[in-house]
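What follows is a set of structures for review.
In what follows, chain A forms one complex with chain B and a second complex with chain C.
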Partner chain A sequence: MDVNFALAVIKESMQKKIVAAGNVNRDAYIQIQKEDLLEFADFFKNDPRLKFDMLSDLFAVDYPKRPERIEVIYNFYSVVNNFRIFIKIRSKIDESEYPSLTSFYNSANWFEREVYDMFGLKFKGHPDLKRILNPDDWDGHPLLKDYPLRKRPEPEEIEMDRPGYIELDKI
Partner chain B sequence: MGIEEHLGDNIITASLDKIVSWGRKWSIWPATFGLACCAIEMMTTASSRYDFDRLGLIFRSSPRQSDLIIVSGRVSYKMAPMVKRIYDQMPNPKWVIAMGDCACSGGLFNVYSIVQGVDRIIPVDVYVPGCPPRPEALIYGIVKLQEKIGKGTIKHEAPPQIIR
Partner chain C sequence: MFEYKDFLIETDKFALNVGPSHPATHGVLRVLVKLDGETVVHAEPMIGYLHTSMEKLAEHRTYHQAETITDRMDYVSGASNNLGYILAAERLCGVKASKRAEYVRVILAEFTRISSHLVWLATHAVDLGALTEFLYCFRERELVLDIIETVTGQRMTPSFFRVGGLAMDFHKDFVNKTKDFIKIFPEKINEYEALLTKNKIWLERTKNIGVISAEDAINFALTGPSLRGSGVKYDVRKASPYSRYEDFDFEIPIGEIGDVYDRYLVRIEEMRQSLKIISQAIDNIPEGEYSSYHEYPAYVIPPKKKALTTMEGMIFLFKYGMEGIKPPKGEAYVSIENPRGELGFYLVSDGSAFPYRMRVRPPSFCNISALNKMTAGYMVADLIAIMGSVDILLGEVDR
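Up next is the complex of A and B:
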């Protein structure tokens, strides 16, 4: 069984909800609407023919020239059947609320936190949506294309009292 | 010839500054502190082929027992408070080596998240450029630092300040 079998199974069951599908470099992708994501994830995980039991990656891309700027890409992998498939969802930047996949895949927890940190997308239903790479009080989301490339805090602005920092003179 | 006439042959006199500086420069104890790939090069320099021990450098596991911090790698804004904190925990006199391009000036990471040179946070004595510097370069930096320490004094000096 290869990924074309998986693609055929998905097309057979979910024909109406697929926006686009295809192969790029022997990897299959499906573009869907974000309202259907939870349904797709449920189907991927529980269908006996597919058994996509692992969410191996989740990331976003910012295309500033497109009207739907943000593209979120989910990478599902089936350990049992040894094939993987990519799910793409496009959305406008001001409609940045996505359903969280943490109820299906535990690995989605940190991936979604990373996407939230770098792109500012909100994941509805995430148990602990906070920054994972940047400091907690960071301003802005650095991987958006309109984030200034060399915007930095001034040295005086670096808070030296994190974490649990005590001025030695005051002891 | 002064006091040496009365002391006999088995006592040597010297100025206290020189004796203390000599002791300090041959027993620099760096803090065990690494940040990035330069830290791997620093570990190589410390191990048997290049051998820090022959210069009297012995890595100490606590900043409170060390008098040198080798900032080996890029300092991100998230890490900056920890670097500053370790520096503040070290007792005087203390010295800093900025190892590698990133610690010297930010290096190739001219981006939003990296401090452009560790001298914006803590005062640096010796800069060792390179990406990463060879162990010979780091040892040369240590020798330069030893020269600086050798000119030092035991008088109480105010800790060095950051120049902005």
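Up next is the complex of A and C:
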């Protein structure tokens, strides 16, 4: 089965909620609104014809000139049916109602933390949203286009006596 | 006098910090473990100690300069990472490499898989106390790296692939060295297995340890041997073949229950299958050009001979070196089967010579995120076995 079948199934049930559809080279993508994401994820995971059981990747791209500058891209893959589809959602950085997919896919946990770390987008409903690759006290979000390539913190900003351990009740 | 209760140690709420500089974490992984006595209740991996923001760096390099970043990401399987990146860049440009180039790419990628699995087996066995295995594995790994060096000039970070083919044709010694290696290596794999596979100590340490079910493995987006150990027959080389993998005949080994021992068996068998692919490819390397410059002169580096004999070849080479290639606007995604799992590259091009965004779908990153699921309920000593069996590489987890 190929992805055209999946697209036909999705369009049949969700036609009204698809903003745009197209191709990422050889793979298909659909663009949707962020309010509909949880509904789509539920449909993707549980529909017997689709069975997108793996959230293979989740990342963002920054387009500073757009009014909604962050484009979050989800990479859904079905191990059973062997097809892949991308979902794109545009959002502002300081969006307060951006839904988290952690209730459907465990892999979304770290991916969403990475997007938060690199872009500053906060996912609502994430169990433990904190920085993952950068230190907790890092200033700024490095993968935004207006973040310079060579940025160093000022010497007085570095707290040399900051404790390096984490309290037990936080884990 | 002492009473019995004086000898009881307060065991609840005991936190143990494994790493970041611990020899069994294979790099700078830090795991915060919550223990009840000696049993792991919760294990939280903390990553980022090796973070160098390679995705940001790639946005400030040309397409071919960014290739050198990819093999430094996963420095044990450099050629494999280069392959994924170059395939994504080729798909962006609409370029197809020549058949000869694709065969050499497959051979190098499979050699990389063997060398990566050898490093994994060596370090994993040392973690569990089998030092001889380490010496055996590094002995053969040196042979593999020699062959890779014969072709690419580099042992671990080749950066040998170019959009549309290779940097140069392979060296004349390559075929003979590879054939020699194919002759001796199957016996060596038996040697590794003789030490471990039916070893009582090894079985005690690995059987029924770190079990993860197939559903959980898919839900955590595990790929590679960690997923196949749980019995899911998913391999990108078969599911969506790239770079002429459909020409070769090979099996996908899978495990049964998804414990440490299954993942060990899967990787051992994968080395045999890789060798099978190499022996098929090396016998059938087609004659012809190593790059498809004639079909796609706009994107492919001109051969050096062309530049030294013709005017336009010289101009193209100069432009290529000064400006780099400029793929059309668009996006492309390619995933390949890395030794550690599914490695994906998502490239966004805005029409300039620099990638607008390079997203790496890191296999180790996803694999280690399931560590808590795998370790909860096992002993602290098993944590080391499980971390080893997942085969992470911190350069790629942190990027």
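To be clear about the criterion, the second predicted complex is superposed on the first by the 150 of 171 C-alpha atoms of A that agree within 3 Å, B and C clash if a C-alpha of one lies under 4 Å from a C-alpha of the other, contacts with A are read in each partner's own complex, and residues count from 1 in each chain.
The rule we apply is simple: contacts are C-beta pairs under 8 Å (C-beta built on N, C-alpha and C of every residue); 3 or more make two chains touch, one makes a residue touch a chain.
Computed from a predicted model, the values in this text were never measured in an experiment.
By the touch criterion defined above, A:135 lies against chain B and chain C together after alignment on the C-alpha atoms of chain A. Of the two partner chains placed by superposition, chain B and chain C are both touched by A:149. Looking at the shared chain after the overlay, A:53 reaches chain C, while chain B stays out of its contact range.
Looking at the superposition, the partner that touches the larger set of chain A residues, chain B or chain C, turns out to be C. Residues 134-135, 142, 147, 149, 165, 168 of chain A touch chain B in one complex and chain C in the other. Chain C makes touch with chain A in their complex at residues 13, 15, 17, 32, 34, 42, 44, 47-48, 51, 53, 55-57, 60, 91-92, 215-216, 218-221, 232, 234, 239-240, 330-333, 335, 342, 344, 346, 348, 356-357, 359, 361, 365-366, 369-370, 373, 398-399.
Residues of chain A that touch chain B in their complex: 134-135, 142, 147-153, 155, 158-163, 165, 168.
The touching residues of chain B, counted against chain A in their complex, run 77-78, 80-81, 84-85, 88-89, 110-113, 115-116, 120-121, 164. On the chain A side of its complex with chain C, the touching residues are 24-27, 53-57, 59, 61-62, 73, 75, 79, 82, 86, 105-107, 109-110, 118, 131-135, 142-143, 147, 149, 165-166, 168, 171.
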